[in-house]
């Protein structure tokens, strides 16, 4: 399925291998030696392809899929069309993710430092790094081994980048430490001055931004996202957090581990986001707030008060989702009654 | 009017030429041989300038304009101040666009590949291309003839770019095909991994993103906009669609032809936008939705359900615009009654 | 406090020096010769550190701070814990800003034009400029003295940049004039075509964008922000205005002086923002509007009508903030009464 100009497949896998790899159980009648040669979405998969059903929106595609095998939750096993081998798993999307990684492992070119990169003699570049053409690395910067910095990115003075990191093209980093296995997409800006100044009619007075950005291990930061450095404290992005494209993170913000922050979210200065928080697209978090662990903020919400751990908020201004839903329903009823 | 350091005028035009060029009719008393030497907005235009009235907000400027000639809709012809020659057209803004293109045609420098570009020997660069300094073109990439890639942009391996394409500076492309006459503005990111992973408390599991981005002919993509490649299917932008700055397009999104997508819109993964849809600024479309042909989504809307063809939606959550307007009006009435 | 790899301290300061520098008065018992050696936030400051209390949210930190000295408003002086020397000032945050600038003055590397920059022979680069590697400067461009253009930025033909300007890495400028002491952050795009076209089912017709972008003195523009050039008139950003990250400014927009525009705001084409307007994050301003001097627009507002000078607006659609607040409160009451 995947365009072989862009993606290189490793090998075929038997159902037995896939079940072992993903901790899945084979469904009734699925022959362990049956071989799958690729992955594909339900609607285009053929008899040699492995697919998955996760989102109920796609149940109709499941009912008519021609896929050779499919990861599914045990509860929907009985709906499977004839001839589709089932790989039963409580987390079918995660199982698919693991299998797809096996079919298409992340391939990194061989370590090579481009002769067209501009690396300060005092910078340290680890073993087996890939440094693209046009990359600029400032004085005293340190890049861990096997990291990959793509073309035309700019790494500021004294920046520290861990091992196995990948920095996309045309990105800019300064005043920051980047953990191992972290990945920044093209056009990311990390470490520039936060939006800090004292308002004054004769000309706003800049407050020196004296903190850094600390990005921990296994973090992903989407394209053109901007993360300002702290004003005094550091701005921190915790381990394993995933941030989408065009997100704005203000100075001093602290984000815990395992969070999911969808595209175009804005988090204002000095707010604290605890672990495993999920924030929907285009939501905004005002400054100096505290969002408790495991909280969920719906898309486009405008959060103006602290959110307790585990709560789900929605709306602008954001409220507990049940209240927001009640208001939406009430307004609809009232409008009907009043005939507008 | 236009700063001649930045813009080069072609020549003067007579009213006759302008009428022919744009399919307009000359108003009463407009001498076909009258010559106009430039274009200008209503409020600053002088006797040698050509202007236009399209938005009723600017009617007052029309009433007092000193422009030599003006494209107008026939219905406002009688309001014209004395001495302004009229070019009557049912679509005055489009007529102006065509005329302005004639006065200021898009000028491209002569084809030249910079000695400071880094082009893989296996890449194919078509005839008369302009490749700026610092541009990086990966192995196996193909650039069609007369295309223009501005400074410091990065074109990934095996990317295919059509003919007459213009890619602005500092842009990044990978895993994509770009159609003819398409234009990407500076800082655009196309083809990076979509935001795809299975959530897991021990560390989210990445789902390999095995699709591409297909951008068809005559498309415009604004500055710093991000378009993720598909997870399995491709992300597709249809022919003649215009996308503004800082827009986010998620993986697997399919956008039809002739759409207009204003700045800072976000479209979540796997949504389908049919032809000629218009989406106002900062609106968000949830994932896995279907927006019918010709639908119009107001600015800042939050679309959480499918929108039928031709409908106009507004609000967050978005509803048919009449319902939203009723709710806005009702709330205003109720607040007055309750005296807050 | 500040990481000495990234920030260089100038020297220690006595309370007397700090009071003079900032126009503050020493609190009771504060010895003028007491020396402070650094600045730090209230919660981590030690006996040698200078701090400040501005936002009441941080009053608790003030009550227990171990800071050696602290800028405070006279009205909270009596709350100070024992041992903290007070610097009394009606504008404590501004006083802190000035003091912090003295401790950590902006240090610029010595003027140097990189041999890896690509500068057209007809461009003029002023004395003592710093031009980073990979920078591209087009024909006829002019850069004033002591300006700093960081790596891989692209300055288009005939662009004029003033003196003491700093342009961050990977930025793109065309069709613009930039005033003195102005600063653009990494990834900023200035001067690209505005989103101007006549809609047509056979293919939208581009309207040539014949204006420029004029950015006056002492302006700050945040990372990845996009500012389109005018369609005919210029797009103008007034003196001393601060713009945050990921902001979109449409063509022909005129912004006055001293404005504050927070991250992810979008301002549509041809709107006029007068002096000292403040616009909260993610707010949107429709096109062709007039926002009066000193107006304040709350975060996430959707402004669809003119806003009179000095007014505060909120909501989407935006209304005077008192009305919006009443509606929010009314809805809450009604929902309780109706038990949803």
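Quick notes on this one:
In this document, chain identifiers A, B and C correspond to the written order of the chains, with residue numbering beginning at 1 in each.
We take it that contacts are C-beta pairs under 8 Å (C-beta built on N, C-alpha and C of every residue); 3 or more make two chains touch, one makes a residue touch a chain.
Since the model is a prediction, treat every value here as computed from it, not as a measurement.
Overlaying chain B onto chain C using CA atoms gives a rotation of 120 degrees, to the nearest 5.
Both chain A and chain C derive from one sequence, and where they touch, under half of the residue numbers involved are common to the two copies. Centroid to centroid, with C-alpha atoms defining each point, chain A and chain C lie 28 Å apart.
Multi-chain contact residues of chain A (touching two or more other chains): 134, 152, 170, 187, 224, 246, 264, 282, 316, 331, 334. Within the complex formed with chain A, the chain C residues making contact are 1-3, 5-7, 39-41, 44, 55, 57, 91, 93-94, 96-98, 100-101, 103-104, 106, 114, 116, 132-134, 150-152, 168-170, 185-187, 218, 220, 222-224, 240, 242, 244-246, 258, 260, 262-264, 276, 281-282, 299-300, 316, 328, 331-332, 334-335, 338, 340.
Residues 118, 134, 136, 140, 152-154, 157-158, 170-172, 174-175, 187, 189, 192-193, 195, 197-201, 203-208, 210-212, 224, 226, 228, 232-233, 246, 248, 250, 264, 266, 268, 282, 284, 286, 288, 302, 316-317, 322-323, 325-327, 329-331, 334 of chain A touch chain C in their complex.
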